[in-house]
Every structure is written in C-alpha cells, then in structure tokens.
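Look at the two complexes coming up: chain A is in both, with chain B in one and chain C in the other.
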Partner chain A sequence: MSASSSQALDYLELLPRQTHTKLYEQPSTVLAIFRCMLPHIAKTIVMGMLYMPTPFAAVDLEAWFRPDGKKEREKALAVLEQLHIVASQQDDKRQLSYTLYKGFARSLRQALEGSGTHRSFGVPSSIPDPNRVTIPFLEEYARSQWENILFFMVGSTVGLANANQLGNAVGEGTKALLKAGDFIRISNGRVSITRAGFTFVLQETNAQVWSLLIVYLKHAPQLGMSETDVLSFLFMLGSLELGQDYTTSTLSPTQLQMLEDLSAFGIVYRSSKDARTFYPTRLAVTLTSDTGALSTSDPLKSSPVGSSRPNANKGFIIVETNYRLYAYTSSLLQIAVLSLFTKLTTRFPNLVSGKLTKESTTRAVKLGISSTQIVAYLTAHAHPQMQKTQPFLPPTVTDQIRLWEYEGERVETTTGFLMKEFNSETEYRDVLSYAESLGVLQWKNDSKRLFFVDRVEQISLYLQKKKSRV
Partner chain B sequence: MNAIDGTDRQVRTEEGPPPSLLAVVLDTNPHAWAHLSTTLPFSSCIAALLIFINAHLASGNGNEVAVIASHTHRAEWLYPTPHTTNSPLHSYSTDTTEDGTNGVAQRDPKIPENPNKYRPFATVEQCLLSNFSSLLNRTSETHLAATPTTLIGGALSLALAYIAKSVLRHSPVDTGLENPLSALADSESSHATRVPLTSRILIVSVSGDLANQYIPVMNSIFAAQRKRIPIDILKLAGDTVLLQQASDATGGVYMKPEQPEGLLQYLMMGFLPDATARRALVMPGAGGVDFRAACFCHRKVVDIGFVCSVCLSIFCEPNLPNNLCLTCSSYLSLRAAQTATPALVQRVKKKRKKVGAGPATPGASTPAGSSTPVHR
Partner chain C sequence: MVKATRGTLVKCDASIKAMLLDIDSKNGNDFIIEDLDEEHILVKETKIAQLKQRLQSMMKERLKEPESSESEA
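And now, the complex of A and B:
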C-alpha cells in the first residue's frame, strides 16, 4: 500500500455499507480493492479465509499471529471491518468468529478463478480499428495532457512566460475540477495555486491521478452520476491492457459521460467524441498498481535499456551533503517544480544544478509548501545512485530543511477528536491501547485521562461494541 | 512536537512490502501422480496451483511468479516461457505490467480475449498450460521407463538462477545489462542494506526417494541458505529426508497434508504469506527433522557413515577402490575406522545410561569416556 492508494483507501473507508455491497458485485472492483487498498496483513487474512468452509474463530486467528504481530492484526481487522469485507459474529457460546461477506468472497473467487459471466475486465473491441494507435503515441498523449494540467497549476507561480498559452490547452471542465478540489484559486483571471495544490503537484503521478479522481468522485453526484458506477469504472480501467482498444458498447450512460472527462485528463484516449472504442493510457492501467505512471516523462530515459528495468527510470535528483542539487532532466515541468524550493543556478541540455538554501526554503514555506513535502518530493525522485543508501537523502539536508521551516512556524495543527471523561482507568487504558494499535493516536495525558485522535470512526465502533457486550 | 529535534528523519518512505518473487517447482513425476490419482488428480492440483499463483500475484503489485516443472527426464520452464529472441517492440512495452518479467516473459499474442479474466492471470495460465502440454507431448515411454523419480536438483538450480537474475534486475542501479560483472559485485554490497525483492521457492513434491540427487540438491540448499531464500515444501506423497532438511536449513515451511484434497486451503493458509507477512505470523514447522545424510557412493540414506577428511564426502562402506576418495581422489584408508564403529555405537548407549542413572553432572555427559584423563 503506497501513498497513492492510501488516499483512495481513506475515501473508500468512509462510504456506507450499501455502497460497498454494490461495489463488490464487480469482480474487477473487488480484485482492484484487494490488490491495492488493503494492508499486507489484511490480504493474508482474506486469502486464508477465502476458501475456508467454516467461519474463522477469533481464537484461531489470534493463534495464527505471533504475540508481537498483535498491532498489525488489529489494524488489518479494523480496515477489513470498516470496508465491510469481514464481519465478526458471536455464536451461542459467545465465541467470536469472523466471516467474509458473501458478495466480496464470491467476486474475489470469480476474479481469481476467471469464472462467471460478469465481463467486468473490459470487453475488447471485436472490429479492428482502422486508425489504430501505437503504445508510444498513447504514452505521449497521456504525458502531454497531464503535464498541461500541472503546468497550468504551477505556471503562474513560477512565472513562465508561456503559462497562459498552456492554460488554454486545459479544458474548462478540468479547470472547474481543480478549483472545486481547492487546488487552485482563480481571481481576476489569474491562477494562483493553493497549499493543497502544492501537495498535489509534489506527489507522484499516480497519487496525483488519484487525488484528482477523488475530487471528481466527490462531485459525481452533482453531475448526476452514481458514485458506485464511477468507482467501478475506474477500477475496471486499472485492470485493462495498454495498447488494446476496448468497445464502448457495454458501458452505461454514466460511464460514457466519464469517458469524455477522463480523456481530457489523458487517462483514456478516444480518436473522436463519438468513437466506438477507447484506449486506456499508462495513467489508467497504473491506477491500481504502484509502478510509476508516466515514467517516460524524462526523454533521456526512453532508450530501450532503461525501460527494461522497472525501478531504474524513476529518479533523477542527486542531493549532496553540501546542499547542492543536481537534477538530470530537461523537462520544463520538473524544472519548474524544483525551482519552487531550490535556487537553480545553471542549466545544461540534460541537467540543471542548484542549491537548497535557507532563502529558497523559506520562500517555499511562505508559498504554502511544507518541509515534509519537499523532502518527500526529493525522496520520491531520488536518483538510483542515491537509492543505494538508506535513507536516500543525506540526513543533514533533511534535518536542515525541517529546521528552516520550524524557524518560521512553531505550531503544528492536526484536526481530530478529543476523547475524555472516561469512567475508570482500565477503560481509559483499553481504549487508548486500541487507538494506539490503530495508529490514530496523536497525543495523550494519562493523569487527566485525555487523549486526542485524528480519526474517530473505528474508535466509536469499538466503544459501541464494548457497550453492547456489557 | 517531538518531531522538531529531527530524530525521525525517516520521512514515511515505507512503500509497503517489497515485491515478492515466488518460484514454484512442480514435481510432475507421472509415476507418483498415478498413485495419487484417486485422492488428488493432477488436473485439480494444477487448478488449485493456478488459483494460488493468482492469489500471489494479487497480493502485491510488483509480485512475480516463475513455475518450473521437475519432470522425470528434464526440468522444464512452464512460466515464463523462455524466449531466445526478443522482439524489440515487446521489450519496450512490457516493463511495468504485472507480467513484466521482461526478457523472458513475453506477451503471448495467442491469449484468448476473455473479459471475465484479469489479463495477467490469463497470461500465466495460458503459458503454463501450453508449456506443460508440450512437455507431456515430448515425453516418451522410454523416458518414463528409465527412472521412477524426478529431477528436483535441476529444477531447484533453475529456480535459484532465475531468482538471482531477478534480484539483479530489481537493484536500483542501472548497470546490470551492459556490464553484468560489475552489477554482480554491486549487488553483494548493497544487498545488506536494501532488499529490492524478496524471493522464495515452493516445491510441490510427490515423489519419494530423492537420495540419488543428494549432492545437487544439497548444493542448491546451501546456495539458497546463503542468499536467504526460504524453500517451502508441500509434500503431497512420499517422504524424503532431503526436502525436510531443505526447508529446515533455509527457514521455510514444511507441510505434509493429511488430506491432499484440500490442497488449495493448505496453499492459501500455509504458503501464501510472503517474507513480510511471515514476520507477524506463526508458520507451520516441520516438527522433528531427520538430519541423516545420503552417502556419495550408493546414494543411500545412512545413519552412520564414513567421512573423507579432506573433502567431507560421505561413504556408506569403508571399501573404497584403491583407498582413494571418490570425490577428491585423495588417499583415504577407511579400514582402520571400520573397527572403531562398534565402539562408537556402544559409547552412545553408555552415555544414555549414565544420563538416566542420575549422578552425572552436565560435564560428565560429554563424551569424555576413557580417552581424556579426568581429575578426581
């Protein structure tokens, strides 16, 4: 589970049970959720239970885990219950046991066995397309569409001369969506990027796509589309094959409407608005995987040798302990993003070099970029040579970037919930340890029996369950 | 606010578990499967195995799989299909897909379009089945009559070689293809700090009596041990000392199901968790492991044997031709050792009695016996 899929998971967790049940009717959706949303231990539990004829007794489940794996087990079960994949029940002897929800289990089995007639993994077009497009064309298409969006966002901040011209390439629908997601603000026809927008730009492409799609999902009901339909279509896109044309005849009206929006993002390609086929691009097929989408955005790496190594063509940034930064790139977008927080000095045909200075960092912080974002960006794009050490970045540099930020702001805010007024010490301890094992605990005060969490759904469930047991 | 002192400079780099490579060695010995046909026909074994492989591929986005058949007369690749020629178009496009074990795995153009099946699953299934049927077609009766056992040693070596190659390909530095030697040196040093790929081997074994391959299998076991590759054993029929030792030495799982019909559930519970998940789970152990070795001269499992003092080869009888070791050809006279054999057995018995008798101190239980003078 990577950063990109975790935000999709956060979104999924908040959906009601009816939506989940409806979603789980499609094997492709179930498979995609299983593949990229669940924590690793949760996958193990689900697979262990999938072909089990009887419910899995909680005692047996505990026996399966080592004592030090308790935290992971609790976390996995919490996610599974939250997503309505696993149900816990008590039998006559008050023994707790777990079962998989029937719909989920059936769909997952169908996905693994390839059985059923659900046709949810995309129906390839049976008629050969006269103007068939090649994979390199699709890559190029996706890249240009997506980079246009990013350029549109950062262009004005960096002060690129041709920012306006690039902005015209972005469709009105996309602009509205970016605005709705609070990534940009448009005042007097001038585009300015927000803090959320910086988070967006500094993410990996895959995470960016998900961020945008989640905004899209949240606004789907306003456009008269059903969330379930939109979600299952997205998960189906993730299981398609690059370079294959798929027919539109089996899609629902909602999904046809989505196709138009998605082709504006560069996620799918259609030769014309009323074409009977569509092609998923690299952005689509990597929706449900972690492999870097758009790895070809660096033209230097398009040599066949580089592309044959899955991890090799990701990073391009080298940071030295003396705060010098070298980025092997000629992409204007990447240079623009780097210039947000570095003082760039020289540019060569395949390389830009610069320095991380206090001035450049505080400037970035003023724009709304946090030090964590900077460090995360540098880590995510670290050159393979840097990846040989752990951590990738020199610790002095990470520390210093953080300290520069803290000079300006000394208070960190977290939104969440304060838990208080516990009846007894044992009750406090119990709930506290549960919160800790979920990883939602932010702060605690033992003497006053107070603690603070950033997520409350699972704790309230836990408390309800506790109450019903008494 | 504790974060301010910068002690947690690990900026959430955790990207989940590293991808995992599962190499399945499937014992396809027709003799043994014929014995099993009433409880577990081979076809249902393949079906269960395919579901298991799909489950493995689904468990992690970067997960890969390799399947090798250990047949009676040869070890054969079932997946990925080895290709001698690479068409440039494919090697360009398959790099990031699930089946992107590029170089060897190629997208087969013959895969039937099935909208009910996830594409990578269909690829594996198609390759595996077609390769297996071609293997069966190439097996003649003379091959079968020649030997009742299977070439597990060769299949293990293939699996290890493939894993080594995959690890190189996953290492972060792009040196592997132009200069394989430098990459090899590089991987040794960087391996300790960063594991880009965790691998394991699963042997689905049905044949007994593998002692005639003691040496190649043992060598593979030691190689796996050194590379920290666990070897899991699913023993459906027969029993061999050798494979039990393999899983014990490499820290793998050894399982001998009492009901082979429930193969899929055994696979899902016992063998699906990868190295990351195993850290949190209690894995089934082998129980008592038989550590006996097989002799190098007749490939028999021996309780007590004779060991060459130079190369540590094991022999079951002292009558070596010309008094030369069969392995290293150094002079080795075992006749003197022969007389000592009964004494050795006796001493063991004596020791046991002593321990049972009670007065022995821990020091007395060491074979001090008569040779070492003891102060009283």
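And now, the complex of A and C:
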C-alpha cells in the first residue's frame, strides 16, 4: 500500500455503512479497493474467505497466525470491519466468527471471474474516433494541466511575474476547489499558498491527485452529485487503459458532469465538451495502482508528469556542504518550489543557484513546510552525482535544516483524544495494546493509566464490543 | 468507565513547558486541560494556535537573538 492510497483509505474508512454497501455494487470499485487499499494481510484474509460457504470461526482464523502476529491480525481485521467488508458475529455458544458482506463478496467474485453484466470497467467506444489522440499527446496534456495547477499555487506565492497569466489557464472551478480544500487563500485578488497547500505540492503526483480528488468528493454533495457515483467513477477510471477511447453513453448524469471537471485537472481528455468519447490519461490510470505515476520500463510511459516528477536517476539538485545549492532546471515550477525554502541568487538558462540559509528555512517553516519535507524533496531530486554518496545530502546540511526548524518550533502538537479513568490495570493494558496494534497510540503513562490516541473511532467501537461481551 | 477527552497533545522541553504553564496561569487557566508529565500537556484544541503565538512572543521577549549577519558571496 503506497502513501497515496493510504490517504484514500483514510477517507473511505470514515464513510458510513450505507455508502460502502452502495459502493460495493460495482465490481470495479471492489477490485480497486481490494487491490490497493487493503493491507497485505487483509487481502490474504479476504481471499481465504471469498469462497467459503459458511462463517469463518475466529479460532480458525487465529490458527493462521503465529502468536507474535496478533498485532498485524487485529490491525487487518479492524480495517476490514471499518470498511464493512467483514462482519463479526457471535453464535449461541458465544463463539466469534467472521463473514464477508454479501455485496462485497459477490462483486469481487464477478471482478475476478469476469462474470455478470455490470459494465463497470468502462465500455470502449465502438465508433472509431476521427480525431484519435496518441499516448504521448495524452501524457503531455496531463502534464501541462497538472503543472498549471501546481504552478498556480506556488508561483503566485513566491511572486513570479507571469504567475497571474498562468493562473488564467486554471479554471474557476479548480480555483474554487483549491480554496475549498484550504490549499490556497485568496485575499484582494492575490493568491497565497497555505500549510496544507505546501504539503500538497511536495507530495508525489499520485498522492496529489488523490488529495485533490478527496476535496472534490467532500464537496460533491454541494454540487448536487452523489458521493457514491463520484467514487465508483474514480475507481472505474483506475481500471481503464491508457490510449483507449471510452464511450460516455453508459455514464450517469453525475459522471458526465464530473468528466468536465476531471478534464480540467488533466485526469481525462475530451476533444470537445460534447464529445461522445473520453480518454483517460496517465493520472487516471495510475489512480488505483501501487506503482504510482512514474512506473514501467516503457520509455514512453516513464515520463508521466515530466519535469515536475523526474525519477530518481533524473535528479537535478546539487547541495554542497557549505549550503550552496545548484539546480539544473529551467522549469518554472521547480524554481518556484525551490525558492520556497532556498535563497536563490542567480539564474542561468539551464541552472539556478542559491543558498540554504537560516532565514530561508525559518521562512519556509513559518509557512508550514517541515524540515523533513525539505530534506525529502532535496533527496528525491538529488543529482546523479550526489547519489553516489550515501546519504545523498551532506549530513551537516540536513542536520542544520532540522536545527533551524527546531529553533523556530519548540513544541510538537498532535490532535486527538486522551483516554483516562480505566477501572483496572488489566483493562488499561488491554485497550492500550489494542491502540498500539492499530498504530494510533501517541503517548502513554503507565503509572497514571493514561494514554493519548490520534483517532478514537475504532477504540470506542472496541470498548462497546467489550462491554457487550461482559 | 473509560473516558475520552478531546484535545491537543503538546510535547515540549521542560523549560518550554514551564513557560506554557506560566502563560496558562496568567490567563485564567484557559488553555491547558491537563498536565500530563514533565514533557507533555493536554491543551484545548481551539486554543492551541493562540497558545503557540503567545509562546512565540514570550520567547522573543526573553531570548534576544543576535541578528544573523549573512555574508553572501
């Protein structure tokens, strides 16, 4: 499971059961969730249960795991229950057993067997398109649309002269969405980027696409669109093939409306607004894949969102131990991103140079970029020459960036819930170890029987279940 | 009965914590919900931004930093 799909998973987990049930009617959705949202152990459990005629006793499931795998097992089951894929029940003898939800099981079987007449994997257009477009064209289209959005966010903040002009290329709908997602703030017609926006820009493309789409999903009801429709369409897009044109005739009105917005993001391409076909771009087909937007050995496919995502061997940044930074790039987007945390001094046709200073770093920290993000960005884009040493960046520089951040930011905060007033040591230990296995535990104090978690939903479910069992 | 209290966990040095407690007591205990241990306190979620800001200004007052003389080449 990649970082980008875990974001989508977080979102999915919070949906109510009815939404899940509706979503699971589409085999393409079920397959996408199964393939890239579930942790590996959860996949194995689902696969094992898929063709079981009877409920699966919890004792038998436990037999699959080594005793030291308890943590992983509970985590996997918690995800499955949260997504309403697996239901647990007790029979008369108080034996716990698990079953797959019927809708999910049926759709997953259909997806795997290719049975049923659901058409949820998209229908290729039967009429040959006179204006057929090529894969390189689609790559270029996706890249320029997406870079425009990023540059719109970053460029206007750092005050590049032609940022406004580029901003015009970004549609009003997209701007509104960026604002709704709190990625940018617009005051007096001037756009400035927010903390969330920085995190967004520094993410990898696939994660960016998901972040934006999740904002889109959250606002779908306000636009009169059904959330399930939107989600199943996104999952369907993930299963389409690049370079193939698909017919719009099988889409629902909501999905037709979405096509327009998605083509503004560069996720799909349509030759005109009333074209009867659409093409998914690289951004769409990698939505539900682990490989991310830069994948495969095919040279054509290896440059997805080109200059903003050069892959590891195409790095362009050199950092010296004296904090000087040289970046071999002419891309305005990259220069804009660099200037968020670097004091850039000179620009040549293919090179910008500058220095990482205390001032530039603290400025970035104030805007909400963390030192980890800066270091990660520099590492990810390190020049091949830099990659010969391990670690890529000079340790003095990375340490100094961290120290600079620490000077400005003396407290570390986490929002969540403090759990207290446990009746007994056993109860405390039990709930604590459950929280630990979910990975939500942030802090604990054994002597006071207190602990702090960043998410409480599953813990409260667990406590309720415990209560009903006693 | 187990209770869950919503709030923001603040992790900091003992020295910073002393300053935070000071701010809290001077403002009618409006910020801190619970003092957890030497390095942790629980703060009202809605007040955290304000608390951070006050800490910043307090630090600025107390620690005079020498202006960094950047020598650019």
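In this section, the second predicted complex is superposed on the first by the 388 of 470 C-alpha atoms of A that agree within 3 Å, B and C clash if a C-alpha of one lies under 4 Å from a C-alpha of the other, contacts with A are read in each partner's own complex, and residues count from 1 in each chain.
FYI, contacts are C-beta pairs under 8 Å (C-beta built on N, C-alpha and C of every residue); 3 or more make two chains touch, one makes a residue touch a chain.
This is a predicted model, so every value here is computed, not measured.
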Request  = Tell me which partner A:Asn131 touches in the superposition: chain B (first), chain C (second), both or neither.
outcome  = neither
Key: Partner chain in contact with A:Thr398 - chain B first, chain C second, else both or neither   = first
Key: Which of chain B and chain C A:Ser272 touches, first, second, both or neither   = neither
Inquiry  = One more residue to check, A:Asn445. First (chain B), second (chain C), both or neither?
reply    = second
Inquiry  = Per the contact definition in the header, classify A:Val431: touching chain B only (first), chain C only (second), both, or neither.
reply    = second
Task = Considering only the touch criterion stated at the top, classify A:Gly416 as touching first (chain B), second (chain C), both, or neither.
result = second
Message = Under the stated touch criterion, which partner chain does A:Gly243 make contact with: chain B (first), chain C (second), both, or neither?
response = first
Larger contact residue set on chain A - chain B or chain C = B
Inquiry  = Under the contact rule defined above, give the chain A residues that sit at the interface with chain B and also at the interface with chain C.
reply    = 412
Inquiry  = Going by the contact rule set out above, which residues of chain B touch chain A in the complex?
reply    = 1, 3-4, 6, 9-13, 15-17, 51, 54-55, 58-62, 88, 91-93, 95-98, 100, 102-103, 113-119, 121-122, 125, 169-170, 172-174, 176-178, 190, 193-194, 196, 264-265, 268-269, 272-273, 276-277, 279-282
Remark   = In the complex, the residues of chain C that touch chain A are 1-13, 16, 20, 33-34, 36-37, 40, 42-43, 45, 48, 52, 55, 59, 68, 70, 72
Query = Contact residues on chain A for chain B in the complex?
reply = 1-3, 27-28, 31, 34-36, 40-41, 43-44, 47-48, 50-52, 63-66, 68-69, 72-73, 110-124, 135, 239-243, 282, 285-286, 288-292, 295, 304-312, 372, 375-376, 379, 384-385, 387-392, 395, 398-399, 402-403, 406, 412
Key: Residues on chain A engaged by chain C in the complex (per definition of touch)   = 345, 355, 357-359, 410-423, 427, 431, 442-443, 445, 448, 450, 452, 456, 459-460, 463
